[in-house]
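Each of the next two complexes has chain A plus one more chain, namely chain B in the first and chain C in the second.
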Partner chain A sequence: MKAPVLEPVLDVRDLVVEVGTAHGPLVVVDGVSLAVAPGETLGLVGESGSGKTLTALAVMRLLGSSARIAGGQVLLEGTDLTTLGVKQMREVRGGRIGMVFQEPMTALDPAYTVGEQVAETVRRHRRVPRKQAWKRAVELLDRVGIPSPERRARDYPHHFSGGMRQRVVIAMALSCDPVVLLADEPTTALDVTVQEQILTLLAGLRDESGLALLFISHDLGVIADICDRVAVMYAGQVVETAPVHDLFAAPRHPYTDALLHCVPGAAGTRLATIPGTVPAFDALPPGCRFAPRCAHVAPGCDDGPVALEIVDPAHRARCVRLDELAEVAS
Partner chain B sequence: MLRLVATRLLTLLLLVWIVSIAVFALVLLIPGDPTSTLLGDNATPEQVATLRASMGLDDPLIVRYGDWLGGALGGDLGTSMLTSYPVTQAITDRIGITVSLVVLSLVVSVVVGLAIGVLAAVRQGGVFDRIALLGSSVGIAMPNFWLGLVLVTFLGAELGLFPTSGYVDLGADPAQWAAHLALPVVTLAAGGAAEIARQARASVVDTLQLDFVRTLHAKGLSPLSIVGKHALRTALIPVITVIGLQVSRLFGLSVLVEAVFALPGIGSLMVQSVFDRDIPMVQGTVLLATVVVVTVNLLVDLSYGWLNPKAALTS
Partner chain C sequence: MTALLEVSNLAKAFPARRTGFGRARAWVHAVRDVSFAVEHGRTLGVVGESGSGKSTAARLLLGLVRPDAGTVRLGEVDVLAARGADLHALRRRMPMVFQDPYSSLDPTWVVRDIVTEPLRLVGERSRPVLGARAEELLELVGLAPAFARRYPHELSGGQRQRIALARALACEPDLVVLDEAVAALDVSTRAGIINLLQDLQDRLGVGYLFISHDLALVRVVSHDLAVMYLGRIVESGPTEQVYARPAHPYTRALIAAAPVPDPVVQRARDRPPVRGEVPSALAVPSGCAFHTRCPLATDVCRTTEPPEVAIAPGHTAACHHTESVPGPRSEPVPEPVLKGTS
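Now for the complex of A and B:
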């Protein structure tokens, strides 16, 4: 696995996202920090509602009207995206940062051909003539592995399977050579065999162009497949971050550990589950947010907010009993 | 696509043919005899019999229908029973007025309705949205003839801004043509604009919540392009249905509006013919109205294919 030696191209610092509710704003992404270097893949893993997608949407500033960035910085090549004007932000979207979504079946406009949808992005950011944009769209469709792209570019989304549509979305996201690609569960909605193809494609494109990939998934198998480093999110916080090998070999946060045990094992073995449910954001525990479900919970866990502690230079975990539990494990 | 058009055209012809039978048959059900209208109450039975024979009223039904349909196909819808004026000629004399009225009203209601609807959807929940909602409710609830009378009374009679009745040919004096049609068009377009605005608002609001809109944002497109080029095209599908219905509705209501503003169009011709029991005239105008309505429906159906490529494939 590659070590992150390069300067991060995307550097999210202490990101806070609030959602407006009838009872006032609710913090749903709480002080998340992430950094991705060119050519590197950072996996963002967690259960539904842990804030993974909101983090990615906050980077794109596409949170919609109900949520807003309430604090922190999103540095793209040193520029803080949270301070950019609306117009400048539109240049970033699809230009410097591409995004791939979970549902390829509904991510494309049904009324336009896929070629037009890719070419439109090219025209938007490159200001090139129609013919040239179309040519580039066909090249891109070819690059993401769509057979006979010349002909297929004239087809509408409903002529494509889910996997092929996801390739189109990827082509669109990469059409203007972004430096960062946000992939929000890009394989979740696809068949297992197609998943593998899409992962291979993404990894190949990343290595070809050296883009920084933020890969969001709840599937640890997929994360292990493609990521260099992993950040585990729980209830709006990053609870552990480590190189992928370290995280799988020696998880330091009980939640990560529990998650790893939830992966199906050999046939006949019982699938492990984590007892309890993710706490609601308006009823978070005072201390460690995982404490109510944790197998290692101790009296000190509820005392107050827990900081992300350094395990080693590349590994951090948010656990009060970090050292005690390490001794137990060894 | 070509096969689709061919199938729809065939269906259309079949429909028009069925309607032609209905139109022909319906007139037989109208009480009274046209000869009594022509000859008055004091006619002798001999006079009636002679007239009936000369008008072909004694022929078997099928022969009468065949004669009428044959003529209609050749553009000859017979002659008026009262004035012996050719029906086709009477229609062509007046159709310009009705077409001007309906087409202008349609254009106004579509343009105004879409603009209000889309703007309200984009500013959902805002002040404009609320005003538009209120305005469109009023527009739908308000009877057309009443609005027409109000406009005639205030803008026409009181303030003298517009002529209150009559018609001037477009070719004769375009300014006068527009002035004479202004109030009728507003009267006729108000309800349609309100209806279209409501449908467009609801449809655009729904479309803007679809997943693909987020993709468009992620591409860096401007809101104008997202709404105008992408969302509107999907959102238009149900709106087109409403617009199609408006065409038929406008034709129907033009009868009233022509009466209020004393416009000598098809609508007033139709009403007068019914009162006069002028059967060929009624048949001709009703057949014309039918052809217009089914043609509009065909155009609406075909537009779905353009708006939604998936529909073009499956239908």
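Now for the complex of A and C:
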């Protein structure tokens, strides 16, 4: 277990993201705070529409025209990214923060060789001659486990399998020695045997270079495999955050607990389900956003916004019945 | 007892890369000599990674794609011999539910029309009858009657998949083919659909062919399991038996690679990594197709296609090295017996 003594390199504080609609702005990421230290992996887990990808896009300032950061800070090594100009932000993306997304083919240009594309990301951030950039590209391809990188660098993306393409994307993300690697569902489009290889690669790179890894996934198995700490999102809020072992062994938010029970176990066992659906952002419940679906709902749950309460120094949960439910569980 | 669905020696190769004159220069061997059976009221899970041929197999048995060889029998009927109206009638007896509930439902139709379309196709015209049947079907899949008047865009992914299932059940089929039917759904929604499938099987005695890439899921829903790799079934048998004693190295690799949602268990697992990725179906490796990635591969694997070896009653694996199967951890592995020439 890593001791949380290191200062976080990425520190997101009370991030608020709004989406413009015909009826005015809607808050879709509501006061999200996350911190990742060097060599640490923070998992961001949630179902579709929970706001995990929007949080990542906000960190990178890639929200597009319909959404905007309405509040909070994104501190990268002490610098608030929300205040940076467009040009400076471009330096950060692919520079201090590397990105890996779900579908490698959309991140690669089919018209250029893989080596050219990796070399280009190197040259975009560093003034180096072409030859040197190419050499660096080959080194990077080697580092992410592409066999005979010298030769493969001259191939086009369509010559690569899905797993190899994702390795190329990871090589591009690493090209400027980032301090933070942001991976949004990096293995979701891959086969399970290949997923395993990519997870091993990412964990190895993290440990070698002390990367801070922000790992977004809906897959609890993958989260259990690679993360040190986990933040669970629901309807735009972080509802629970804890070290990975605590979260799986002793979840304190009813949503986390329910989610863990929905996962298939042994044959013949009936899966737990969560009744109802995720609320729409224009019709959020007045209090706890999970209350309408919660098995432990009580009169107090609807009274008003619920704060993230401290369970222990590393564990927080957003539930009004935190103390009562702990007694039920124990 | 005859099986509900019996598929024998199914094969299909698709032409790829044609010459200037339209002749095929290469072939994608999507399905190679596949045989399986689905029993009444039971579920056969078919697992495999992309390119394993699992979806092609489903399309072949519905007659959506003509196979090069093999037979498909639904009860006593030869599916592949059927043409025209007969074939359409057969498909209504084994409807299919697809992965994406967003593209498989007509957005301009209300739910009532979607779920009763199969009945209208067989000539039912009476609006009161169709309306009543729509309510019954919605009730069956756990949706309120009010859903009958809604459009697909008003529904969540899970609700849409319930509608797709209701439509599949409209003609009271004996078998439903589910091709990655829950893969696009969130964890909590997916669990609801899985439970619904099991309830429907208990109530209606319907059989399922459950095609998925997700081993953990297949384990929960399937009585029997078939593992496909590059167009061939490499191992099959009763699900728990295969899990307890996976005999094919590929099955073991799949089980080992699927992450367990428990950090203590997951990190303590002994997981020898599998090399590489699934080769292209354009160039299926010689001998055993898995030999390029197999930790046990020897010379015979590179040259000779392995025969099906019986591991236990109903449990077979196509591997030259089943004797070196690290056994379940409790009972000894019986001597592998060669099956008679088939």
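Definition applied: the second predicted complex is superposed on the first by the 330 of 330 C-alpha atoms of A that agree within 3 Å, B and C clash if a C-alpha of one lies under 4 Å from a C-alpha of the other, contacts with A are read in each partner's own complex, and residues count from 1 in each chain.
Quick note on the criterion: contacts are C-beta pairs under 8 Å (C-beta built on N, C-alpha and C of every residue); 3 or more make two chains touch, one makes a residue touch a chain.
As the structure is a computational prediction, the values presented were derived from the model and not from experiment.
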Query = Looking at the overlay on chain A, is there a clash between chain B and chain C, or do the two fit?
reply = fit
Ask   = If you stack the two complexes on chain A, which partner ends up touching A:Val263: first (chain B), second (chain C), both, or neither?
value = second
Partner chain in contact with A:Phe281 - chain B first, chain C second, else both or neither = neither
Ask   = Does chain B (first) or chain C (second) touch A:Val222, or do both, or does neither?
value = second
Inquiry  = Quick one: is A:His158 in contact with chain B, with chain C, with both, or with neither? Answer first, second, both or neither.
reply    = first
Inquiry  = Let me test your reading of the model: by the given contact rule, A:Ala107 touches which partner, first (chain B), second (chain C), both or neither?
reply    = first
Task = Once the structures are superposed on A, label A:Val192 by its partner contacts, choosing first (chain B), second (chain C), both or neither.
result = second
Query = After the superposition, what is the least C-alpha distance between chain B and chain C in whole angstrom?
reply = 7
Ask   = In the complex of these two chains, what residues of chain C are touching chain A?
value = 49-50, 156-158, 186-192, 194-195, 198, 213, 215-217, 219-220, 222, 239-240, 243, 253-254, 256-264, 266-267, 271, 273-274, 277-278
Query = Once bound in the complex, which stretches of chain A touch chain C?
reply = 47-48, 161-164, 191-197, 199-200, 218-225, 227, 244-245, 248-249, 258-260, 262-274, 277
Key: chain B partner contacts - residues on chain A that touch it in the complex   = 60, 62, 90-95, 98-99, 101, 103, 106-112, 120-121, 124-125, 156, 158, 169, 172-173
Query = Touching chain A in the complex: which residues of chain B?
reply = 210-212, 214-222, 230, 233-234, 307-310, 313
